[in-house]
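What follows is a set of structures for review.
Below are two complexes that have chain A in common, paired first with chain B and then with chain C.
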Partner chain A sequence: MRPLQQPLSLSASLNGYASFFVRCMKASFAYRATVITNLATTAIFYAITIMVWRQVYSQNSNLTISSSQMFIYLLLAGCGNYALGGMVVEFRIGNRIRTGLIATDLLKPVDFQISQGIQALSDGLFNGSLSIVVFLLGFCVFKEQMFPASLQALGLSILSFLLGLVVMYGIGFVFVQGAFYTYSGYGIFAARNALQGTFSGVFAPLSFYPPVLKTVAEWLPYRHTIYTPISIYMGWAKDNDAYSLILQQAAWAVGLLLLGRFLMKYALKQLEIQGG
Partner chain B sequence: METALHVENLAKSYKRRIRKPGLLGAFQSMFSAKTEELKAVKGISFSIKRGERVGLIGENGAGKSTTLKMLTGIIVPTSGNLEVLGVVPWKERRKLALNIGVVFGQRPQLLWDIPVQETFRLLKAMYHIPDEVYQITYKEAVRRLGLEPLLRTPVRLLSLGQRMRCDLAAALLHAPAVAFLDEPTIGLDLTVKEQVREYIRDMQKQFGTTLLITTHDLKDITEVCDRLLLLDKGTLLFDGSLKAFEKRFANESRIVAELHQPATPASIKKLSAEIKRHGGRVAISDGHRLILEYRKEGAAPALTQILLKRYKVADLTLEKTDIETIVTKIYRKPIADKMKP
Partner chain C sequence: MKNLKLYWLAFNTSLQAKFEYRVDFLLGVLTSCMLQLSALAQLWIIFHQTHGLNGWIPDQVILLFGMTAMALGLSELFFNHIWMVPGYIVMGDLDRLLTYPVNSLYFLLITKPELHAFGNLITGLVLTVIALFHLNAPWYAWVLFPILAISGCLIYTAALVIFAALSFRYIGPSSMHLMIPHALLNATRYPISIYPQFMQLIVLILVPYGVFHYLPASFLFGKDPSFWMIFVTPLAALLFFWESGCVWRWGLNQYESTGS
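Right after this comes the complex of A and B.
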């Protein structure tokens, strides 16, 4: 009879998570047609957004941001949004709750929140790497205007982008706890998506928002997924302001992950794996 | 022998929303909070020692899968106590997960979009399986379950039977101390079912795995297990060895005769009256086929003689009731009579 396996050491656990990350990345390549369709749809959507802003600029020259700065912002926002859009945390986990496949996740000797986070991070990074193509195309159009404000801005904006992915996962994980009660992640996904679209700054910089909406956006975590990394990249937030934003992002990330963990503890107690 | 599982007064109830029929009913149900309580498991108790091979059977909705889900820690019991390998499953799910293997026949644990071998490699890292164990379990699974041609195929392209074989291999890859197998032969053809049973038996022997198998195919039980738990509507009706089960319920034998000429109703009536004295009865009369059932030991020669005297018999066989027939009969009985032999 084999002796019982003792709890895994930290290095053994990390090895397991790393192996899972590699498999998630491999799985991302499985649906080429979906990847191409998503890219094409996103490109069309942003072409329309840019056309609308061109029209706005042609009629109003007193805007606080120059038209080229605005188009660069929208391009970066599009890239960021495409990366975040791949994460679909509520949809993925919600679907596993609805079909009962969550049972197979819970039977693994790994932390559910961490393993789902790895899945989401892998999805986000996969989509993010595809966005780099669009980002590089931006250099052909806007040339030196596309450069980051400084090398420090580049480094901090990359860190901020990565923290943005964690914040996005944290938001998704908190929202999807509702699926343990509703048994569907779709409505939850739609609600989160609407809030994300409104308050992240994906359609326009938050400085263009009416005061009330801007205040609401500042109290919510969504702006840290899109607006914060871009404002650091473009030099709108510098030095202490940039560090302060990154600290806020980190605080949101930790807070949301802890809240998600707390909520899940209770949600799991009333989980029903439906059917035999 | 050490106890692997201990279950005491285990119960689980669900709340179900009451939905009205029809389209209008479905709409009205959206605004109604009416629920009903469904008692899936009603206070069952049993213990399983390490290395035991136990079958858990019961009709659909008997509470088998719910019991298994509680034992693996993915759902929390409404009341009662349970311990698996000294751990309360739902409280220390991850700790327990290292030492159990689970197959949920209808929910594969394989990664859907990538080749099967990727899941195996992931599980090796995730469970931290020592090389010497992995060499045995992986090679055995590939050889015995015929997985070689499937290893490089994405899981979504596999048939149900192929997926089941891979899923079983994945569940036993870390040579778990306890394996919970929920319908491990679902969707398999007869030859592969046999292969799977042999593989489970041999793995159990090699690693001393405690097995708890739920199934609707009783051959899984008779060929792999030596103890049976019978659940019915959430209640444990029987807990004992297969031999004890047969001894208790398989007290009816049958004589099956193929007749040259179909039996007439009048001749059946006369036959019934005559064999009644020897403790027999006509169970089935279907044209050329006649089946007599009897309980009295040693009644076979007399009943056979009567049969041969009255009819021209083309073929004759004596049958002892098998477990499948017994279980089917138990399922058909009203609840109060279920445990009567």
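Right after this comes the complex of A and C.
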């Protein structure tokens, strides 16, 4: 959103955004217990998911994806989900709206949406870097099967992962506009989380979905946060398909950020700050 | 008896205060239903690939799923305040509670009901009833399932109390570590027999979630002939709740306030 003060020059703005990024990264390092318990919870969720799928594979060996590919997919989905989960857009911005702290944010000579996005990205990358541990663990178990399909696939999947973080931020920013109208942050978070959990491919690749669910997932942006980067990494989407997916991700990212800005413009008129 | 009246009054007052925010109430119920449906979609994906899980057909798994949602919903409705404990410990807010002439744990538990619990409760109830109908469950299953759901609520709450009490000594202001018992509860949406031995020990003995739905259902569906499994549930729930009270008292002994 446009700051209330005179905008800074480009270099001063960039410096400001960089300091948001660094400060957020330092804060992540400070809350070690939270980071560890967060990691443990995600690990338990994925351990359970892997155990469930192990049972499915023991009963049905004719699935379209081999069991080792499936477990690699789930490990990567766990890493991606942990990175995305660290962004906590709804809580960070939602709390600032409810407590009125957003008033001071809007006084700062930086764009609100970009500055919050930089902080969310910092948290996402911090969590993403921690999940390298899980990635290495995967290498120990699956050896060369964990390698990307090709060097091109590696490069494109990294780009796709970064775009996935922006799409996730865009989704969170749209949802958090609801905080201007409700006192509870739970509903906003739960609604986004439910849709993300169902349609992102966090539990299984989209090719395993029943046709109805798959069709809906293909029309929504959630799959671009988890399924798209992994399908490029694993070589399920190659060449033109991969480029097309990345273009779709970029289009969703831009569209969601613009929609978020548009919604916030109107939601701000609704804002009431207590004077005390 | 006098204390019971006091607890009820405190609960009722908190509940009425929560009902004042009608939009939040409706949104909370709707979105917690969405969360349950999202988890149900995962079951749908699994049963799109296989016809059963280790001999458990979809309706039987849906019964486990529904009972888990009911236990979660009941705990959120009556005992949700436990999630705030880590923050209260760091801020020194427990001091006020400790000056009251009541049991600190019970009073804390009941004074912040969460209304989105109705979403979990309704979804759980609907799924359980549908599953019992489809499975032509005998009359005693209908009589027992509310008791089992209440037992599940007590076991889940006790697990949360134990993890929350760790904050008195080891863990900081975040409630994230309470997500561990929550994740384990969600693991019991699936038949416990699909898990490796160590995991079965965790969810049957260490944090005995399995006793409130998996063991009775195993008897009901003829997977295990031990009739006593039905009666062990309330006993296990009460015993585990008592254990959590002991851990809570241990935690309180470590509490040093903040001095502010």
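By our rule, the second predicted complex is superposed on the first by the 266 of 276 C-alpha atoms of A that agree within 3 Å, B and C clash if a C-alpha of one lies under 4 Å from a C-alpha of the other, contacts with A are read in each partner's own complex, and residues count from 1 in each chain.
Criterion: a contact is a pair of C-beta atoms (placed from the backbone, for glycine too) under 8 Å apart; a residue touches a chain by one contact, two chains touch by 3 or more.
As the structure is a prediction and not an experimental result, all values here were calculated from the model.
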Which of chain B and chain C A:16 touches, first, second, both or neither: first
First, second, both or neither for A:271, with chain B first and chain C second: first
First, second, both or neither for A:235, with chain B first and chain C second: neither
Which superposed partner A:106 touches (first chain B, second chain C, both, neither): first
Touched partner set for A:33, first chain B, second chain C, both or neither: second
First (chain B), second (chain C), both or neither touched by A:255: neither
Which superposed partner A:148 touches (first chain B, second chain C, both, neither): neither
Contacts of A:213 with chain B and chain C, given as first, second, both or neither: second
Chain A positions touched by chain B in one structure and by chain C in the second: 31
Touching residues (chain side chain A, partner chain B) in the complex: 1-2, 4-8, 12, 15-16, 18-20, 23, 26-27, 30-31, 99-104, 106-111, 268-273, 275-276
Parts of chain B lying in touch with chain A, wherever the complex brings them together: 14, 50-51, 60, 64-65, 69, 72-76, 85, 93-95, 97-100, 102, 104, 106-109, 111-114, 118-119, 121-122, 125-128, 133, 154, 174-175, 177, 182-183, 207-208
List of chain A residues in touch with chain C within their complex: 31, 33-34, 37-38, 40-41, 44-45, 48, 51-52, 55-56, 59-60, 63, 178, 181-184, 186-188, 190-191, 193-195, 197-198, 203-204, 208-210, 213
Chain A partner contacts - residues on chain C that touch it in the complex: 21, 23-24, 27-28, 30-32, 34-35, 37-39, 41-42, 44-46, 48-50, 52-54, 116, 170-172, 174, 176-177, 179-180, 182-184, 186-187, 190, 194-196, 199
